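Please see the structure below; I have some questions.
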């Protein structure tokens, strides 16, 4: 990836680092993130901003490093005894921030909690239903018994709901207390949390990784407005700005002491069709509209190159991505032909729903309206309250012929996305159904053999490509504004900001 | 009665100033106030009585200004006055009582505070002394329970009481001149009688001069020594009260007296002056009363001058003066 | 003859000059308002380009006079999707005025109606209406907007309705207060004495006498509504992005303030001048109509 | 007086009761919080059911409302769906920030509006009047978020005088207060100007002048004191709206106030927080107006409590 | 002229409740603006009502016209009891009973043309024909001395006297029999006052009008009225023909009122009865005779016992304990006797 203007971005003259306004903070840094997740309990959340902060506090058995490779985390090693049995050897000598020892009991407690009554009330449990039970073998050995094969389980164990929590601490304190005072094993411990203002983290002196973390402390500040976040970055009040808007990229590049970091994310954006509505139940129409849109131009112009093209509804980071497929080319003539073939009269109107607060997508949808216009389709853009759109309109099929859909794909495996998007009766799938797709999805889920699954995905992607259940637009590129005094900061692919290796000049 | 004039007004002109345009409201008024006398100014609504009195205090409202003339207060010429000089005159040498007792006192301060402010603006004395003086003054104007009233707010007092307080306020610095602009118009007859009695007795005791502005000839008859009659911004007649009632000269004055219903006579119809007062600005050359005057003649289209009459009055009418010479 | 005509012309000119000198703010208000209204009416004729024509090649071009490269042909520059900013601002006047005008109209109709009957009939009706007004006032506007919009969706007319049903209270309270004092006026008593029915009295005697206040408040609310539309867009509850609303343009350009200042400045200036215009006009009307301020 | 306060409190109960009805039922039209809380997750029907159960959303509506009302009597609005914290403590956490902002905004508004309003009235029709009026109008001619962002660009980024956001110390209060206050000051200045003009025409102003006191004393002690009454009324009415309407400013300046709490809660369909927040605001507003009404009798002795504002 | 009185007012009261209490509905207090007033007005006569400001004159006038609903008592107009008629049923009588208001500035709608103001009653009273209305407006306008050209102006372009003429024209246009004039000249200058009074007298002759003339100016009332009633704090304290009032007022209040009149000539000698104290509040009137705190002839009985309104001499009524000794028995028949006046 890379912005089209990134070439001229490096031309700024280096400024005197001693005048760097952020320098006064010494060995502590401040990170600006958009929202406060409100609850730090790992089983209560699904928010990306949670992981940006909590990745410094909690750890899972498995660690997914910044290059998305699976690494030993709190477990030193693991092995599949069979498709349904997974044995972990735990790291010894690790303690939670409160001094509680990390051991097999903690693991069992964590998963019992996640899969039990407590977890049922949160969004995380659903991700881990393949786990039947956790067996404590000895203090540092546990066995996971699964009820179905789960090909992405290891990936999932690296994050969110599966991070390990201290049993005594959780039991002795109220749920509400734990929400505000998280305790994990991570490189930093939370010492102060002011809701909607900041969370102050201090170095975990007893961190199990030798010599880490390098920083004395990190403060995460919650600043919803991007332009305000940028102002704070420019004035040195924060060292890292999460979510630089594309329109701000140039400003960040031009500002002294600040550099722009970009990174591909698993998040993808598309305009999904709801085949339950009118003409878009026709594959030809969907294909035609795919041909009608110049996605490349959108990426280059509106997104300033800070995005990557996609051919199916997944990023190139995703297992199951089909490198052989090329995005539908921009071919308005072909589009017109197909539309004619489908018998769609000129001037047909389509409704599209987008969340009212997505600035980029507002622009994109207008450009798409323009492209549609070129092929004789009138696109009416409807703003919707973002929450209503995702929780009400889309699931109940009230979001017009098309709607914006963004998808995080955090498991980095097409399974999660494809199943939720295309399987019949799924919450996120109001009306798409195809017997072939249904069959492939079932097959993919019934094995842990990754080669076999890859085969299935290749077939599935081809089928989906042809069916065109959406106009696939782009894979998001994450932009971070980073103060130059930071050393070894690597922007995360999937929002989990990792700071243990980071130090300051 | 001393004959010395303590206030003298010469050809006073006051008007609306709008850019370069000047519309006179008070048009060349001259009179003098003698020590210890009560001078009445009468005239119809809008004839400029209030403007005359306000100009004596330097209190002309926004948009209205002095155009010409002189005001002499003893040896002082009021026109050259700076703001500071005006402040020294107001409330000390001259005091004023306004038409509306209901709205003349600031509703948010107690009587004590309002009187105290008046004293302190001219004298540096202690609060106790000031309060003692206030109390004395309130007693003087016949306010019952004065020590209680001191701490009352204006709204807690009746109209008559408020007017008394206003009088007390005006007199507290022992001024030489009291200007009272229709002090009883808003009051009931029974209360009016009380206030007029009070003013009469106070004047005797304190030996001050009063300018009393009114449109009620009855009030004039009651307490004035001398009267000037105004019509459309000009003085048209100046006489002793007795002369005015016994031998009115100007046709307007005559008409005014005749149109009063009387308790003593019975008439089916009252005599009346036809027409209305001309508006300021619409005034043309000549006698301002000519349109309504039963005696109007050619001469009246020229400006008449104030001329003395044999009975000691002065009048602005072409019916007089000319003959006088013969 | 000629001279006479010339004289007349002169005096007409002089008269207007005098008027301007006497009411500088009022005249500025009228001119600004007139400009807005005229550009709204003649938008299609005077705008140099099609305001909907997105053109990615022309994205974010600076104003033609401020373009160092000399590429731009747009007087005020182009926006994020390459549309002429000037044309959008001119068309935006339509939306702003629609939101302002119809929003106020709804608020006015509801508010004046309830204000009139509340003030005129008093008693329990008054009590009831005023309590409802209290409730309305205590209910946060933004919350109402979000609730209504998540139930019936977003769009210009919905914004107009929401503004209308929120701001009726202002009219109702104003009118009620005036009616209560008007009711004590002798001419209202007189109207009753000469046999006027309640309806006649309200229509003939009360309504015309509160009209000026309605007008004054109306102009001020128009200004306020234009700003509120912008705020709603900021919160993601605005009109859809193809519609060139000033508020929308402003809210969507907030991240370009440093890189493409014109996208944020010109709609801002348009809003400011229009709002200023209506406010000045309202002020002037108030000074004219408010008997308390007449000297 | 006492019975008046009691009556007003009765009104408050009435208003708050209806507001509670309104919020309670209207937010339930906006979608199921369970679905929202699962976000991008994979909410199975059972999961949603379990969550509904936990949140108490399975009870019949009237039972839920009854429980809610019962809690309300003890200022217990339940617990937040999002973080399980007590709604009342969430509100109190924010009340300080919102109060600071409201007071700051008010202070700025007063500092700007009082001199402008008074001087415009005194110099009516003169240049200062023109200047003052246009200046006060400019303040209300910009959308508040725009003004806020511009202030940040100017005072934080370019001049580096003030922090752009946060809730730390006095300096962080300045920009949000100025943004809020500038908007308020426009309206306030106009109001003061017109009530001053009215008061300056009163007879007692002439009386004050006739005492020979200094002109500024006449203006401040006599005129302004009396012009304050309508101004206070207005402020009372505004303050309620101000507390709820600071949302945007709170968002721009990352200010942890009640407005943002409510809007975030709405976005997450966090019913208890929305309900609690709105009712809290409504109570504040009614109380503020009550206090304003009561304060009349201090400012203006003519008014016995109960005569004004009704 | 028949002998039956045109208007009979019996024990008319109008209280303005002052509400309070927790619900705001409780009557804390009542302003007894009119408190049991009885009198009759004969055809063709002018009955004057005088009294201090706030004694309830206007309220009484408005209550008689049913612009305010009476609290109790009866109003009988031409033999018809109109006390409890609805707004709608009153229409019939409104034509016959009109009112001229005190304030010529406030009683005309500032936004209506004079023509519209004068025409309005005709529309209300159902004169459908536009031309007919026009004729009538011109006719009345001429009678009150307004020119046709003036009819198309707005009220603010007129002087006080002219406005009062407009008010009179409006009252006259429906050809009423009875007009309540509520201080029609008190806002006018003396020179205009006589014009208006003369006009009213002319019109009375021409239309055979009956006036109820409210004023606080005793000399005007004396000039204009046949009989005069004196009110004090919501009550009628004296009622008689004007000569006996001015020659021999009975009630101490009436006496002091008459003596308070300013002199009409500087040489006039006046024995003045200056009252002490202020007018008490009608919401909290003194016990017994309401005038007793200010009365120069106050007796013990006055403080506790309310005097009744009795006929002391032929046609001369008053309510004062000074005269009760004359005829103590009258008390019992008082009510009947009043209604038979």
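Should a chain be cited, it is by its letter among A, B, C, D and E, assigned in written order, with residues numbered from 1 in that chain.
The rule is simple: contacts are C-beta pairs under 8 Å (C-beta built on N, C-alpha and C of every residue); 3 or more make two chains touch, one makes a residue touch a chain.
Every value quoted in this text rests on a predicted model; they were computed, and no experiment measured them.
With chains reduced to the mean position of their C-alpha atoms, the one farthest from chain E is A.
Looking at A-C and C-E side by side, the one with more C-beta contacts is A-C. For the pair chain C and chain D, the distance between mean C-alpha positions equals 23 Å. A straight line joining the Cα centres of chain A and chain E is 87 Å long.
Separation between the centroids of chain A and chain D, computed from CA atoms only, is 38 Å. One finds 52 Å separating the Cα centroids of chain B and chain D. Counting only residues that touch two or more partner chains, chain A has 227, 386-388, 392. For chain C, the set of residues touching two or more other chains reads 146, 150, 235, 254, 257-258, 295. Residue positions 24 of chain E each touch two or more of the other chains. Taken in their complex, chain E has these residues touching chain B: 52-53, 159-162, 189-195, 197-198, 201, 216, 218-220, 222-224, 246, 256-257, 259-268, 272, 274-275, 277-279.
Of all residues in chain B, only 44-45, 144, 158, 160-161, 188-194, 196-197, 215-222, 224, 241-242, 245, 255-256, 259-264, 266-274, 276-277 touch chain E in the complex they form. Within the complex, the chain A residues that touch chain C are 226-227, 230, 245, 247-248, 250-251, 297-298, 301-302, 355-359, 362-363, 365-367, 369-370, 380-388, 392. Those residues of chain B lying in contact with chain D across their complex are 54, 57, 59, 62, 83, 86-92, 95-96, 98-100, 103-108, 117-118, 121-122, 153, 155, 166, 169-170. Listing the residues of chain E that touch chain C in their complex gives 24, 62, 65, 67, 87, 90-91, 94-95, 98-99, 101-103, 106-112, 120-121, 124-125, 167, 170-171, 174.
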